[in-house]
Every structure is written in structure tokens, then in C-alpha cells.
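We call the chains A, B, C and D, going by the order they appear; numbering starts again at 1 in every chain.
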Amino acid sequence: MRRVAIIGYAVSRLEWDAEKTREEAVFEVAKGAMRNAGVEREDIDTVISASTDFLDGRTISSCMLIGASGAYLKDESKAEEDGMYAALYAAQRIMSGVHDVALAVSHTHSWIFNPHQVTQYMLEPWFDRQNDLLNEITLAALQARLYMSRSGADETHLAQVCVKNLRNAVKNPNAFRKMPDVTVEEVLESKLYSSPLTELMISPPCDGAAAVVLASEDVAEEFCDEPVWIRGIGNACDRYLRDRDLGRLNSLRIAAERAYRTAGIEDPFRQIDVAEVSERFAHQELMAYEALCFCREGMGKVLIEEGMTEVYGDMPVNPSGGALAGDAVCATGMIRLIEAVKQIRGEAENQVEECRTALAHAQWGLCAQKNLVFILGDRR
Amino acid sequence: MGLIKEKFDRTMEVEGEWSVGAYRWKAPKGYLDEYVRNFKDRKITGTLCSSCGRVYVPPREICARCFTETAEKVEVSQYGEVLAFLVSPPLEKGKVVIAGIDAVQAGFLKEGEQIILAIVRFEGTASSLVLPLVNIEPEKVRVGMKVKAVWAEECRGRLADLIGVEPAFEVKYE
Amino acid sequence: MRRVAIIGCGQSKHGRRTDVNQAELVAEAVWAAIEDANIGVEDIEAYAVGNMQGFGGICQPDLVFADYIAAGGKPMQRVATGGTVGGSTAHLGYYEVASGMYDVVLAVSWEKHSDSAEPGATTGLLHVAFANLSYMMKIGMDMRSFAIMGLAGAAAGISAYQAAFYMARSGCRIEHFDMVAAKARRNAAKNRYAHLKWPGCTAEDIAKTEMLIWPLRFGHVCPASDGASCVIYASEDAVRRLGIKEVAWVKGVAAYADEEADQGESYQGTAVVDYSDQTGAILSARKAYRRAGIKDPRKEIDVAEIYAPFPHQELMFSERLGFFDDGTAWKALEEGVTEIDGDFPICPSGGVNATNAIGSSGMQRVVEAALQIMGKAEDHQVPKDVKNAVAHAWGGQVQFNTVMVLGDRPKGW
Amino acid sequence: MGVDRYSGLPFVARFRWSVGKIMEKFYRSFAEKKIIAAKCEKCGYTVVPPRQICPQCYSRMGEENFVELSGRGVVESLTEVAFRLDGKGGYIWLEKPELLAAVKLEGANSTIFVRVEGDARIGSEVEPVWAEKTEGKPSDLISFRVVK
């Protein structure tokens, strides 16, 4: 299979009610990623954007952003999900041999309309949507409680995930929620949304945009002397809420297995130097530890208790602060991908030493129904 | 025999809504707000892309072709050319309903009136605008005819100040 | 480069499908495609899905009915690009296989307009520019201008302006639009999946319909249908492994985006002067033909399924896709070149003018082109040997174009 | 340069989703205070609400696969919900949190997400609370309550 590398990236600051239009935000990161990759618009063969009509409040949310995303008279498409899926589609277009250089750009300005309200529209309208208590947060709360009852994890473990990520975010200039000396108690006492989930355990919707430039192995080294190679990709989608095991992230396990197989990873805990996980809710990071085979089932709580996923730990997870430090919905997964690239290039603010293999994860859908995993490495 | 449309049974429906009006957006300052402000002095302005020389009307912040921000605001000519046009039949009640309001009933459009929609390019610009063509009978409208802007009596810096275009001068080719 | 073929096609019946919910509608097309390909559901390794979710009111509907289409536990990717969403989903499915990640991929796209309380596709199409409309009100648009904007209709809108541009440019007359609409509804009568069927429809029948806004008659406007279309792709080795006999090879794909016409973000200007230029379509066709090894499209291509919700678009795109010279398509129409039994049949299926579930239509063009290649188009199979076929779709603010060239043999066989 | 903020014109898009023949039967059976599921012949998976295609082995199902459930169920997961969404992007904070549960109905494999009344815990047994006059509409099934 044709190898693909990430040769450039750009991220905007995650903020609320940004003093810029959607068009300016996309233009800023698209131009920034090209500059970072050392490519001109002429070098780009294809552009894949990521945004959704419900979040942007515009049917065909990409049609007025063609100029800003650099897609004018380019082979273009829009992934209507997380930005990491746009990066996946861009990689597939390169692997097919039809294209050599691709730009993937993603954005969401949550100020436009509350993303939590949009999640109500993701429910099956003939039955679930009739119950107006259901939305992403209350369903995630049910998922959290189910996971906790099986694994023995309690609210404190969830709070420890928040403390780790919110403290990590202090070093990340782009993070939205930074709490240098947040404590477990503070997390537990923050406003209760739907037990056990309090405000700090829920990723805060905000405005953000991100972009990456990908290139095939034939041209990557032309543009960039230290390309970050995509060594494995895994992607899977679970069944709908009512007929799936809510207490596990099965589709993440399937996705991780496939990514590990292509990347030649047998023991993820030992071989992966850092992981950037899209934890839309605190408990989902613990569930991800298990689905990513960093530990056995139910042992997620041990990893967080022992501090093994701290940036100095054996298996650092989310040195960037993760989604709990800022969730620009469609950009969140792509930002995880970029943070993983930064770790490999040694450009991360919260750098893990000797980082040669990184994992980036994106989730989509209610209770992380869909999951996507990238394995990145510093050599082909 | 005429049109055949297969009928399908109707099953129970459940209802729901999507408050599209509750969304909020942002426009760049200094573009459309300035464009209509200049209408107060009956001026049409656009933005010039210094890289390709195109003038966008209404003003545009980013030039797609050059992938750069447009540099300057410029005033453009009020004379233009009809590139294409549409002609409505004489309007009747019940034919044009917008947001639940019958436009003719409510008096926004006059009964029996024929609206001509011309797509006009003002001289020196790289954009075309859809504007009503007034002061002319529908049969006389020609592609390529010269037109000029028509302004409301009292222009207060609103989009509605630019009423449309009217025939400018007739060039007779012998 | 990996060779990829379409091994199965499925469509739901298109019409006002109040007898099924959106999941059942999509399942109808998916299971028809699986049966047509004659493979097991476990052979499908990944999915490509797409629709314009604002129309049916369900956000990310593919997640709601993942298990209806046997996608539970499998990779699924979603795209959405406007009217081209069917074409974009077809391209996504092609790339998923061509990338080498998967060998067998199912691509399905759909739309269920009848679930929206507002008539036809009004909600979705109005919502494309609803933000602009709101800003125009803020900067002082009056109700008269708002009403005038609605004259061309939220449904037709930009296409009506485009028809005027094409007429000014090509010198064709409104009678030619009537002829194209009549041809579409005549052909649709031979297509059991079509929505508006009118056996023996003539240009005069269409000419009698009410004039909405010259040159657009009610008879020119496409219906808002509910429907789903689905294709199954397989790599060359999967075709051999699964022992598939009848296939349509994907020889070239391209989808170039142009700047949006009429209005930009928050009613800013755009530099698209003539909406019938369609540079994106010209570039997409050129790239797809080069990749398919086609030098002279008029001669080497045998049938085209062009996405034409409005009659002028069949004429306009047949020129942009290189079948006829600029401004001459209506002459070929008059000579009957584009009839089902003509020298260059266009939209033998009746096309989008007779059946338009916006999400499904782009994919339906790929399905119809593949059926013609495989000789499985039943009553509307063109009576000639079909070596190459083109499937096209347009979308967005007349700015997106997807082109796919299909053939009975892969390039360089 | 700064931005010019603006909100949408007052417009609410309404939807009326056709539920399909099978879901219509499911709601019609509410009139007799019955909860219908569909049991797959091939793999035995029982899905509620009933549907055309078995989520596990994808075989076709129809009315002949209908089974009537007792209506009783077990609370698998539970949460006290402190807010409701107002449909316009805002939160309505409830004075008294409402109980929401993931309930596995007796005889079914699917989980449904419903309001629960009474002192519920994970593992509690619950039964449906029906409106007095049931007309075969979704609103007939109000919630579930803990079985005394």
C-alpha cells in the first residue's frame, strides 16, 4: 500500500465567540498548514473539508468556504463528521495513486448553535427522540454509570482524568479550559448535569479550526525533511444505541486492532509512546484505555490511579489536555492528530521524551458510536 | 395518458422541529455593512483583489482564485449590462407566498404586475447581481442592453435603497 | 493503480414514500444491491454513506440505522456536498477500495423529503442561504425584495437564473426545454424506479403547464422524491475471488469545485459572472477522461446519465462534458441524437427531471450508468453496445460537479 | 477587523417522520397497553421496538415475528438528569432532577431509554406507566416505575 505522511499542520486557538467569521477561521488554518508544510496552493491536488450542516446552521456547509479552504478548482469533497475522517479520506485519495498532495481542513464554531442541542437530532426520531430527556450528555451519563458498575471505577477516577487533562492543558496555548491547580473535589463539585457527569467532566463546546497537509511517499521528502508517517489506520462503527453494549467501546477496539495490525504493533502499552484520545466525557478516556489494549478490561481505573497516563508516566495520554480542555466538535479529532504529529516532531508544548510512535483517536456519534485510530511514526 | 405517480400507503407520523431561527452567525465587519452604508450616498462599492485585479460586488473578503484577502475598497460604475433575465407572469394572489405571507395580498407585490429579474454586471466588476429591471416592457428586454442603477427617493443606507436597474441608453447599430 | 469495479446496484422505488421510515427506505436499496451482486453481507468490508441531513431532519442518520444496513462493527465514512452528495458518496466508495484499505465497499446515498412538513425540498434548499437571508434582513432588505427573491422559488432559484444564462449563451428556445422535459418523462415511463412517469409525453404537453417565471414552466421542475440508491464496489482480485461475471469498471473519477455562484458567505460577492460557465464540470470531465484514457468523448462514450433537475442542465452539461460544442446541444436534441435509440442517448432512465431524491440522485446516475454497461437496465436499456458510460452530478450553488467514467473493461485491459 | 453578529429570522423547520408499517403496529398496540417486540427466527435476537431487519444476523422480519413482552424490565443503568434542552440552544435547569434509566425489557435484547419513577437503583425491576386513556400513540407510554 502506498505510504502517506503528514507534512504540515495548523490549529487555531480554541475560544468562545471568536472575533472571526467561519470563513476567516478556515482561511487562517488552511493557509497556516500550507505554510507549515512548505507547499503552495498549486501543489495541492485535493482538498477534503469537515463540517456539518446542523452545527454550522447551513445546508451544504462547505459551499461558501471553497475559496477560504483553498479548494477553488481543486478535486474537493466534504466529510460530514470529525476532521480526522477528512484526514482519512485525504489519505485514501493519496493511497489510490490518483493524488499526491492533499489538504484536510475542519472547523466548528459552537457559538453558532449549542452542539449538545444538535445531538438530540441524532436520536432515532420514531422512538428515542420522543423522550426529551435524551441527549448526548444524559446518554453518556448512562454509559458512565454502566461502565462504573462493571469496572468498579468511581466518580473519583473520572475526576482524576479531568485533573490530569486540565492541568496538561495549561501548557497548551490553544486550549480553551485551563485549570492549573484544579482538584478532584473541585471537579466533583462542579455543576451537576446528569449524574455522575459534572460540568468539568464534559468537554466544553467552543470555536476552533484545524488543518493538515498530507503527501505521498514519492513527494513527502521534497517538501518536508521530517515527515510524520501514517503507519496504520483503523476505523469502525458500532450499532445504534439500543442494540449495542453501551458499557464498552467495541468499535474502538476493532479500529485499534486494525490500526495495530497494519502498523505492526503487538504490545501497544510498550510500543506506543503517546496517545491523543478524543475523550468527549471523562469516563470515555478510561474506556479507551481498555479498548486500545493499554490495559485489561476494567483496569482503566488503575492506570489513572497510578498516574501511568500522566505525561511522565509509562503510557502518556492527552498531554495536550484532550477534548476536556476544549471541544470544537469537527476539529477535535483532527486536533488530536496534530498533537500526535507535534509529539513525533518534538514540537509539543507538553513533550514526551523519545516519542517515535504516537496514536491519535477520534470519536463520533452518541456515546462514541464511531471510532477512528491513526498510528503515526517517525519512520516509514 | 398523462402523468402517472405511484401512490404509496401513508403510515403514522411522529412530529419534531428544528429551530433554524435560533442559530446565529457572523459577517466580516467592513464589507456588507459598509456596502449598504455607501448606499446612503447612492454609491456602489466593491473590493479589489490586487493580485488578479478582480472587483467583487458586493465586496468579498477572500479572493478564491488568488487565495488571498482582497486589498482595497473601490467604488464601481453604476452602469452595467444585462447578461440574462427572467420575466414573471402577471402576479396573482396566492402565487407568491413567503414565510407564510401572501406577498400580493400583503401589498409587497402589486396584482397583475410583471417582475423582470435581470442579471447585471456593472462595468469594471467581476461579479453579476440579480436585480429587478424597471421602467421597461418585458418584450423590449434584450441580453446585452445597457442599464443603470435606480435608487429609492430617500436612501438611508439600507439594502433596499438600490431598487434595481433601468435601461441606460439605446445604441443603434445600423 | 488498483482496478475497481461496480459489482452490484440497488435502488428503492422513488416517490412519496410515506409507507416506510428513512431506515427502511435505505435498507430497500442496500439489500437490493447485495442481492444484485449476489454476495454475502459478510463480504462487505466498509461503507460509504451520504445524504443532505437537513432535508430529513435526522443528524448523522447513518448512525441511527447502521445495523439496518449491516454496518455494525464495520468502518463507515460519510460525505455530504449538496446535490452532488450521491456522486461524492460514489467517489468516496471508489477511493476506499482504490486506496487498498478494503476490497469490497458498499456506497449508499438517499433522501426522504416527505418527512419534512414544508412542501418538497423547501426547508433544505432555503436553509442553504438562510444565514445570508437573515443578514440581508439585518442590513435593510425590504419585504418586496424578499418576495421578489422568492419568485424564482426556493426550489428552482439559482437554476432558473442559470437557465436564463444558458438561453442567452446558446440561443436555444423554451421549446427545447419542453422537449428535454418530455424526453425525461417519456423515458421515466420505462423505469420502474422512477417517480414521474408520462408515457408518450410530448413537448406540447409540457408547454401547456403553468409558466412559473419565464423561461421556467411547472412542467420543467423536478419532483421532490424520497429514495435511495446503492452500488457495491470490489477490487479486481475481489471480483475474481467472488466469481462475479457482470461488472462495470470505474475508469476515471474527478470532482472539481468552483466558487459558489450568486451569493457568498453572508451575502458577500462572488466572481462567478455566468452561472452556465461551469468550469468545474469542464475540468472534472477532462481529468476523468484523461484517467480513463478517453480522447474523444463524443465517439468513445456510448451513454451519459447527466444530473439535470431542470431541462437546460441536460443541454448545458452535455456541452461542458465534451459531447457537443458550446451552444449546440439543442441542435442534437432536435435531431433526436439524445433519444434512447439515438446516436448519443442521454438520461435513458428519465434522469433527475423525473426523479429527484436529492441525496440519491447523484448515486442513481452512477447506478444507471453501471446498469447500462452491464446490460441490466431492463426496459430503458439503450439498444446499442455500451462500452463506456458517464455519470455526472452537480450540486452546491451550481459549483460542484462529480464525473465518473464507467466501462465494460478497465483502462488498458 | 471584527465581526458583525446576527441571528436567524424567526423560522422553525417542522418534521413529520413516517414511522413505517411495523412501528405503526408497535404504537397501535399501546392502545391495549401492550409492548410488542420482534423475535428473529434465525438467531433469536429480540429487538424492541420491532423492526424489519434483525440487528444481529440481518434476516428479514415482519409481523409474523412479533412477540408481546410482559412490559417488565430491569434497570441496567440510571442517571439523575438536572437539565432539559429548550430546543434553541439553552438549558432549562430542573428544580428536582428527573430519573432516566437504560432498561432491558424482559424477553428482549435491546435496551430502551426511559423516564423512571420511584426509588430506582441499578437492578431494580420496573413496569410501564400508561396514560389512563391509551389511543395507540407514542404518548400513551408515559414512563416506568419501580415495581413494589
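Keep this in mind: a contact is a pair of C-beta atoms (placed from the backbone, for glycine too) under 8 Å apart; a residue touches a chain by one contact, two chains touch by 3 or more.
Protein identities per chain, from UniProt: A = Thiolase family protein; B, D = Zn-ribbon domain-containing OB-fold protein; C = Thiolase domain-containing protein.
The structure displayed is predicted, hence computed values, not measured ones.
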| item | value |
| --- | --- |
| Chain at maximum distance from chain C, centres defined as averaged CA atoms | D |
| Between A-C and A-D, the pair joined by more C-beta contacts | A-C |
| CA centroid of chain A (Thiolase family protein) to CA centroid of chain C, Å | 33 |
| Mean-CA-position distance for chain B and chain A (Thiolase family protein) (Å) | 42 |
| Distance between the centres, which are taken as Cα means, of chain D and chain C, whole angstrom | 37 |
| Where chain A (Thiolase family protein) touches two or more other chains, by residue | 20-23, 57, 66-68, 72, 113, 121, 125-126, 130, 239-240, 243 |
| Touching two or more other chains - residue numbers and ranges from chain D | 2-4, 6-9, 11, 13-21, 23, 55, 87-89, 138 |
| Residue list for chain C, restricted to those that touch at least two other chains | 17-21, 54, 57-58, 67, 72, 117, 123, 127, 130-131, 134-135, 259, 264-266 |
| Pairwise touch network: line, ring, star, complete, or other | complete |
| Chain C - residues contacting chain D, complex | 17-24, 27, 31, 41, 54, 56-58, 67-68, 70, 72, 114-118, 123, 127, 130-131, 133-135, 137-138, 266 |
| Complex contacts: residues of chain B adjacent to chain D | 9-30, 32-33, 99 |
| Sites on chain C touched by chain A (Thiolase family protein) in the complex | 1-2, 21, 46-47, 50, 52-55, 57-60, 63-67, 71-82, 88, 91-92, 95-96, 98-101, 124-125, 127-128, 130-131, 253-260, 263-266, 279-280, 283-284, 287, 291, 395-397, 399-400 |
| Residues on chain B engaged by chain A (Thiolase family protein) in the complex (per definition of touch) | 14, 16, 18, 20, 22-28, 61-65, 67, 69 |
| Chain A (Thiolase family protein) to chain C touching residues, read off their complex | 1-2, 21-23, 47, 52-54, 57-60, 62-68, 71-81, 85, 88-89, 91-93, 95-98, 118-119, 121-126, 233, 235-240, 243-244, 250-251, 254-255, 364-366, 369-370 |
